[in-house]
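In the two complexes that follow, subunit A is the common piece, with subunit B as its partner first and subunit C second.
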Partner chain A sequence: MVTRSLEEEYVKLLRDYLNGPGEDQLYFAQQMGKWLLAHDVSPEELTDMHGRALEKLGEVPEFVRASFSILTEVMIEYGNEHRSVHSWRSRHQQMEAELTVAQAMQKRLLPNQLPDYPGLEIGVVSIAAKQISGDYYDFICQDRERFCLTVADITGNGISAAMCMSMLKYAIDSLREMPLGPDEMLRHLNRIVGRNIDPSMFVTMLYGSYDTHQHCFRYAVAGHEPGFLYRAAEGVFYDLAGQGSVLGLCPNSEYEVQEVRLEAGDILILLTDGVTECKKNRYYLQRDELVLQMQAELGVHAQKMANALYNRLLALSQFELLDDYTMIVLRRT
Partner chain B sequence: MWQSCGPETIKIEREADIVTARQVGRNMSRQLGFGTIMQSRIATSISELARNIYLYAGSGTITIAPIVRNGVLGLQLTAIDAGPGIPDIRKAMEDGYSTSGALGAGLPGVRRMMDEFEIHSSPGEGTRVVVVKWNGPIEEGV
Partner chain C sequence: MDLFLKTTSQDTEHRVVLGGDIDAHTGPEVKETLMSLANEPGTRRLLIDLEAVEYMDSTGIGIFIAVMKACKQKECAFEVQKLSPRVERLFRITGLYEHIAIRKGESE
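Then we have the complex of A and B:
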């Protein structure tokens, strides 16, 4: 609202300026603009006040007076936009609050602690590019020697990915009661995902079971970014084998079990495509470049290796994370 | 002076009718003692309501009338058409929709400029919007 004192102040400001234009009055006018905005004075009210102020300063020619009608009319549209800012702001705050809740809920879907078995180190780095991640990983202890491991990437991110993720988690949780091999697990999940998510979405996944006694990892892959196997005896990184259709694409996809056995010092590196989609200058990181980075971080604890690799890749991509990033490092000691 | 004002109904069929409705609204709001800004806001509200009729319903009416409630004087605008109706009123009342140019555009702005806003619309049955802007207590001699 335009008050009488505001109007008087405005008339004074205008008079001073017209008597001897100076930067100080312009500065004052700018500050007044902030005050007017803070007090919700609309553009059309200001226009009107300016017209009245002119009348107080002297004889206003009729054409100037009449021109204010045009200005006021135009300003009303600006005023409407100005008035809608409040509702935009409260909607924005509401969405932020909802997102924070979703974020907290999503954290609960991820394991809060890693399994601890003798002879095996586990390291994980999982970072969301935005508030809500489309990457999912989980460890589930099967018995004293074996645990299940899931790494998945849900297309798209945000709320839809988080909702899909909770469905995946509960599906896996209930299916693990049955003695399913990794291939059968993916077959079931494929049907569940296909039936329950939007056709435009899909999920890539690696699901496996690690036997810490035999140090044997049996897994199956559904369109997921292949991981790496480091053979310590040879000092060489190999691509993990395994192919299979992404989850949710066609209902009758079949999956194949793969098996690798880790010797002392061998390392399994599982990841999502956020790792390989780190950009170096304007190019995506190639797998052989990634291998070079990994080679530079050998010989440390799995978690330390995962942390160091994240820092390296982040630095390479100029600290810009384009996609959700998840890397799991399993190292037989 | 306001006692001399009676309700006026303007048929909206052509764009020129929007201008007529604005003119009637501006004159009446002046007679009711509204300030220049309010006169313009009322004219703008009439524009928005009438344009929705003109663009989407083809034809309809705008009724502009003085209103007195509990000793307070105001102006009431009633827009009626038998057009396609607004399928999702909630959506139409959201900010941002007003820039879409679709049916119902501009309604959030009208709601904010006016004191009371009422809308009834369903697909196939047309739309009825009633808005009121209050001015103040009736004063003798106004």
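Then we have the complex of A and C:
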């Protein structure tokens, strides 16, 4: 709103300028413009103020006075646009603030430390392509020898993915007290997801239990790429076995338990499709190329390997992460 | 690449040819077209031709799941054909292969 003191300032500025134009007045006018914008003075109010200021400075010819009617009408349109941009900007700021809250909430859903068991190294890299990730992973210690591991990819990202992730975490937390095998856990989660999310959303997941005494990993897969197993004795990477429908597709889906035993030096690499769908130039990285990258980072700690592979794949994709990326490396020492 | 989408209908049967990219950008248009055909009163068969699809991500899989569910509710046949090796792999990994009829032959 134009106040009396503002109008007086404006008249003074205009008078000074007309009496002897100078850089100081132009600079002051710029500062005043910023102030007017910050205080939501509309373009048509400013036009009116200018007209009144001219009247105070001397006799205004009739054609100049009349011309202000045209200018004011035009400025009303500018004013409408200004108000809509302003309202859009505040809505945008509000959404940004909400996203920041969701981002912080999502961080709390992911583990803040990795399990520590003798004879097994664990490394994780999980990076969101945008503010909120659709990738989820978790480790739950079962006892002194075993822990459960979840890697999941929720379709889409943003708030819906964060909300779905929170549902998954609390479902797994509440089911973990029951003695469920990986296949039964996925069966339960499939029903929960199917009942509670939009029909076009789904979740891919690998859920398993690692026994650090036997170094045996029992897992089941729901529409998720199972990952790789490196056999140190042979120096070969194998595809992990396992297949099953994504969670949320069909209420009666069944899942199969797979089992692998790690020998000294063997490595399990679990991932989400952000890793396998890495693009080199315009083409997707082929399995053989991915294996070559992994082979180049053997012989280091699991976390170092995970970090190095992320850096390699990011460089290959010209430092542009197109999808959320999660890789978990388990290495038997 | 952009989306290519062409629908031909004969009585209660619809055939949709999709091409280009099916991703987060083009997904809403694909979903709206397929869902409105699936929900159209009297639709008995919906056939999707994927031969010209260059790229499809999880958005596309989500659309096929939603359309499959809608068709199941209406007892309308939902079929896809001419999947590229990459799309076929996506269908296998996600388990869609078990739930959607994949036509092996040429289009009718």
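Simple rule for what comes next: the second predicted complex is superposed on the first by the 254 of 333 C-alpha atoms of A that agree within 3 Å, B and C clash if a C-alpha of one lies under 4 Å from a C-alpha of the other, contacts with A are read in each partner's own complex, and residues count from 1 in each chain.
Just so we're on the same page, a contact is a pair of C-beta atoms (placed from the backbone, for glycine too) under 8 Å apart; a residue touches a chain by one contact, two chains touch by 3 or more.
All values derive from a computational prediction rather than experimental measurement.
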item	value
First, second, both or neither for A:Ile76, with subunit B first and subunit C second	first
First, second, both or neither for A:Trp35, with subunit B first and subunit C second	neither
Subunit B versus subunit C as contact partner of A:Ser253, first or second or both or neither	second
Touching partner for A:Tyr170 - first (subunit B), second (subunit C), both, neither	neither
First, second, both or neither for A:Asp48, with subunit B first and subunit C second	first
First (subunit B), second (subunit C), both or neither touched by A:Tyr27	neither
Residue contacts on subunit A - larger count, subunit B or subunit C	C
First, second, both or neither for A:Trp88, with subunit B first and subunit C second	first
On subunit A, the residue positions that both subunit B and subunit C contact, one per complex	none
Of all residues in subunit B, those that touch subunit A in their complex	35-37, 40-41, 43-44, 95-96, 98, 108-109, 112-113
In the complex, subunit A residues that touch subunit C	153, 155-156, 198-202, 204, 222-225, 243-246, 248-250, 253, 273, 277, 284, 323
Subunit B-facing residues of subunit A, complex	44-45, 48, 69, 72-73, 76-77, 80, 83-84, 87-88, 91
Residue numbers on subunit C that touch subunit A, as the complex places them	24, 31, 57-59, 61-63, 65-66, 69-70, 86, 92-96, 98-99
